[in-house]
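Each structure below appears as structure tokens.
After this come two complexes, each holding chain A, first together with chain B and then together with chain C.
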Partner chain A sequence: MRRLRALEPLAWVGPAIVLIALVVIWPVIEMIRSSFLEISRLGVVRGWTAGDNYVKLFGEKDFADIMLRSVIWVVAVVVLTVVVSLALAQLFNQHFPLRKVARWALIAPWAASVLMTAIIFKWMLDPEVGVINQIRVKLGLIDAMGGAAADQLGDASTAMPWLVFVAVFVSVPFTTYALLAGLATIPSDVYEAAKMDGAGRFRTYWSITLPLLRPALTVAALINIMNVFNSFPIIWAMTHGQPGYSTATSTIFMYILKGSDIGESAAMSVVNFGMVIVLTVIFLRVSRWNKEVA
Partner chain B sequence: MNMKLVGGAALGLATVLVLSSCGSGGSGGGGDTQAGGDGQVTLKMVAADYGDGPGKPNSGETFWKGVVDEFQAANPTIKVDVQVINWNDIDKQVATMVQNGQAPDILQTGDYSGFVQDKLLYKVDEVLSPNVSGDLLQKFADFGKVDGTAYGIPFVSSARALFYNKDLFSKAGIAEPPKTWDELKAAAEKLKAAGVTQPFGLPLGQEEAQAESFLWMLGNGGGYKDASGNWAINSPQNVETFTYMKGLVDAGLTTPNPGTKDRKTVWEDFGAGKVGMVNGGPMSIPIFDAAGLKNYGIVPIPGKTGPLDTTLGVMDWIMAFNQNGHAAEIKKFFDFFYTGSAAEKISELYKLLPVTNGGIQKLSGDEQLKPFLDALPNASFYPFQDHNWPTVNTAIKQTIGGAVKDDPAAVLGELQKTAESANG
Partner chain C sequence: MAVDTAPARTGSRPQARPGRGATRRLPKLKTVVIAASAYVIAFLFLFPYLVMVLTSLRSQESLRDVSFWPDEWVWSNFTDFWSSGLAGNLWVTIKVAAGATVLVLLVALPAAYYSARHRFRGRTAFLILVLITQMFQPTAMVVGIYREFYQFGLVDSTWSLILVNGGFNLAFAVWILNAYFSSIPRELEEAAFIDGNGRFGALFRITLPLAMPGVITALIFTFIAAWNEFVVALTLTTSSENKPLPVALNSFIGQYQVDWQNLFAGSVIATIPVIILFALIERKVVSGLTAGSIK
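Coming up: the complex of A and B.
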């Protein structure tokens, strides 16, 4: 009887453990296992390799560039998203006419499929007929439709900013709402106290709002880091990682590799997985997430 | 303490087992309904979409439904489940199916050779009657063989030629379509001067860079392999070819940033009257028609010193997988397809060329298809039978566009290295 009682907690946490084991741990093990297998392009396992997949992966001409680009991609998208969202959250926290409508409208980029959004932007940027290029022609920014100047997605230097823009565009709604919820938890008496002490607006924001917003900010940024690092549809739909691999992140590279060498692709996944963990740890260190606000 | 752990592990394991057995039970039931008691066999077929995608009147779904309905009416004990996948995704999705042990019975796609090495396919004579295989064009059927044994059955073929917009040509004051590279460049310059944004449509992006590249290589006596069958992607001829193309690109005479452009986009631009000339095939005719372009001409592709006496022959394949043991049923379906009206219908609907002598005779009256039917006998092909080709092809699709942007020799050299080291 006693022994049975001791098992009781298991009934409560059991389903969660099983779920985690099934959808998190098992795939991770399977992924790591695949990265040490030689698998034909068509999915037939041909046996074990002692890390050949990793040797081949690290030997790829474009590997270093792709990893560096992935980090820049994550940092750029997350920083811009957070900055824009902080401003938007502040705005939406004020009372103004039609605030409800504006708040609803912000959900749109979030509710729409990311792939759809990416394809729409690709169309808008089409060099021959895209509406963005038509506007640029009208504004005199470019001479004519159809040429290289109108083809912003065709070159990495102009394509990357657009990819980042679209990624920020789809990440902002969630981040803004997370921060808005954080703002709502800040009690009004601290603001009153600050006012009594004669703190200005900037000082109040810097010393009161931001520190108290830190838990919400940390969570929002962390979720974004993981999301953006693994983000696939935007880049795939808009550039396929081309020209060459010059707009590919590690997730895109992993997908392309899958077409020629599944084992190497699995090795890329493992590296990706490690990168997310490293980025997360660095971020948590920097943001001192578990330190109480002084 | 230990008990808890063991209990937890046991519970977890039990759940995993239950769940996973549910999973395999479900998929197994879908793929193999032989146990149905009435002797019903379901053939799972995966096919590429030659149409404009789901929902369009010429979608693959619609075409195959017509074929399958007719077949099932004649063979009530065989059910054929067709899954149509677009060209961009089909290879990866099929690989996933094979990886998960859910290979289809029949696959219709652009390549068969990769499956041979892993012994996944039936030999052709196990799934096709001799009278049908005897009618296949010999040169095409030969390409379905690996080490002397046929595994791939040619499904449809196509050839390429140069399409040019007659209205734009007369606007630019060009009397004759180009026959040589020099004439091509001169024509492109005139077109540009007349305000054409893309004098030559050059799709070297992910969708089909390997085709456009090959057509250009052929124009200078090059190719992916040399005469003795060794990879020769960075041969001097090919480097010269891409250097010439880079010149066109740098002068703004082509589609901008060719390495990022898919053929579909460029063909649509040609249909919209934005492109002066483009390499295309019979399958681009419906796209041009749909865009409302009527006044275009079709001529052989210009080479360095004269028009090509060969062209890229592309054939797609149909093949049978041996995992589910449905050879007899598959044979019935294949025989039905090639001897009935289905093969003819596919040529008509998608402007694809037939692969049988009988089929070519039936189509010989079609004026639009004539330039292509004439070119078929002397066509050149991708090095399909090389089991490294799929790997090389993936790399070409992604990076060969760089050869007209950066250093041609370096980019082609990198591809050559991939080809020589790949292990398919």
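Coming up: the complex of A and C.
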């Protein structure tokens, strides 16, 4: 009977553990294992290769560029997202008529699938009829539709900023909402005290709002780092990482490799995994450092 | 949630107060500027989806016209959707989203309830495991997922998509449900238990109804996430009739001539329902995702 009691938690929690083990833990192990295997295109395991997959991966001529681009991609998207969201949270925290409706509008990019949003942007950037290019023609930024200047996604130097734009576009809603929730937890008497001390608007924001917003900011940024690093549909739908690999991040590269060499692709995944952990640790260090300074 | 807005209110009150008596009907200039910029931004965030809807109502011929509004409104793109193979893909999406939601409900509910009510050995380890899982993304391990399901012989099966989507959304559900169950006083349940309801009677009559907002949030969140999921579905489905709608729609793009009007009719069907569903739970999702850090 006592032994049965000891098993009781397992009956309640067990299924969850099994599901996590099956769907989350197992793939991680399988991924690491595969990165040391030689696997044929059809999925047949040909045997162990000490670290050949990694050697091959690091030897790819585009590898260094892709890794650098991935880091820039994450940093650019997350920083822009946070800055834009801080401003938007401040704005949407004010009182104005129909605030609720305006806030709801922000939900759309968050709820809609990122893939759909990316596809819409690809269409809006269409060189011949895309509405963004129509606007650019009207503003005199480009001479005419259809030319090379209108083909924004065809060249890495113009495609990359658009990819970043779309990634920021879909990340801002969640971040803004998280910051709005953070703003709501700041007690109003703190602001009254600041006012009595004669602190100005900017000063109040800088030394009261921002520090108190830090927990919300940290979590939002952390979730964004994970999401953006693993962001796949935007680049996949809009450029496929092309031309060449010039708009590919490591996640895209991993997926492209999957079609030719699963072992090498697994090695790329493991490197990706490591990168996410490193970026997260760096971020946590930096934000803690900020706290100590403040 | 009404307290949410307290800081802003106190922030703007001093400016608003003096003029209130005299210019009651006229809003202050500051409010007008704030409202106007908020509306513009709101519009910008809706704009792509407006373009999506407008394009889905264009005719094939007017697709390449340079005009923002369609010359004529063509509803046949939507009726075409139902007669094309895409209706089958929509059905796959519905099965995956509903299946994952039911799976999460069955697995997360007991785990969250028990870990909220009882201290047992391994409880902390379990909750940490859940927290770590929430940080994991299927995209990062899609190769491992593919290899695993390849070995199971479950590639190109709706079941594998249900399993993966259920597994990756479990963490959020356990987390938010655990918070809900913890907030319900144990005494309420015990009182019902003493009244002769039995342990399960108390659970089903008292605790579960009180936790309903959390349950609904977890369910809608899982449903939307599974509905929108792309990478795993792209990887694990091979035949066109087994592809969920997003994957099927994406395969339009590779074609030489993209029938954007049909593509966007499908997108509208894939997008609008989840935006509405999401609007219902948006606040709870934020507190769920950032739980523990903001409070």
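Heads up, the rule we're going with is that the second predicted complex is superposed on the first by the 264 of 294 C-alpha atoms of A that agree within 3 Å, B and C clash if a C-alpha of one lies under 4 Å from a C-alpha of the other, contacts with A are read in each partner's own complex, and residues count from 1 in each chain.
Criterion: a residue touches a chain if its C-beta (ideal position, glycine included) is under 8 Å from a C-beta of that chain, and two chains touch if they have at least 3 such contacts.
The structure presented is a predicted model; accordingly, all values stated were derived computationally and were not measured.
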Partner chain(s) touched by A:Y191 [first = chain B, second = chain C, both, neither]: second
Partner chain(s) touched by A:Y245 [first = chain B, second = chain C, both, neither]: first
Contacts of A:E128 with chain B and chain C, given as first, second, both or neither: both
Which superposed partner A:D261 touches (first chain B, second chain C, both, neither): first
Contacts of A:Q94 with chain B and chain C, given as first, second, both or neither: second
Per-residue touch tally on chain A - higher for chain B or for chain C: C
First (chain B), second (chain C), both or neither touched by A:G43: both
Which superposed partner A:V276 touches (first chain B, second chain C, both, neither): second
Contacts of A:Y177 with chain B and chain C, given as first, second, both or neither: second
Chain B versus chain C as contact partner of A:A150, first or second or both or neither: first
Set of chain A residues, in rising order, touched by both chain B and chain C: 9, 17, 22, 26, 43, 128-129, 145, 258, 262
Residues on chain A engaged by chain C in the complex (per definition of touch): 8-9, 11-13, 15-17, 19-20, 22-24, 26-32, 34, 43, 88, 91-99, 101-117, 119-124, 128-129, 131, 134, 145, 169, 173-174, 177-178, 180-188, 191-192, 195, 215-216, 218-220, 223, 226-227, 229-233, 236-237, 251, 254-255, 258, 262, 265-266, 269, 272-273, 276
Chain B contact footprint on chain A (complex, rising order): 3, 6-7, 9-10, 14, 17-18, 21-22, 26, 39-44, 61, 127-129, 144-148, 150-151, 153-155, 239-245, 256, 258-262
Footprint of chain A on chain C - complex, ascending: 3-12, 14, 27, 31, 34-35, 37-39, 41-43, 45-46, 48-49, 51-52, 55, 63-66, 68, 103, 106-108, 110-111, 113-115, 118, 120-123, 126, 129-130, 133, 135-137, 139-148, 150, 163-164, 166-168, 170-171, 174, 224, 227-228, 230-231, 235, 246, 249-250, 253, 260, 263-264, 267, 270-271, 274-275, 277-279, 282-283, 286-287, 289-290, 293-295
Of chain B, residues touching chain A in the complex: 3-4, 7-8, 11-12, 15-16, 19, 91-92, 94-100, 114-115, 117-118, 120, 197-198, 205-206, 252, 256-257, 259-261, 269, 272, 274, 390-391, 394-395, 398-399, 401-402, 405, 414, 422, 424
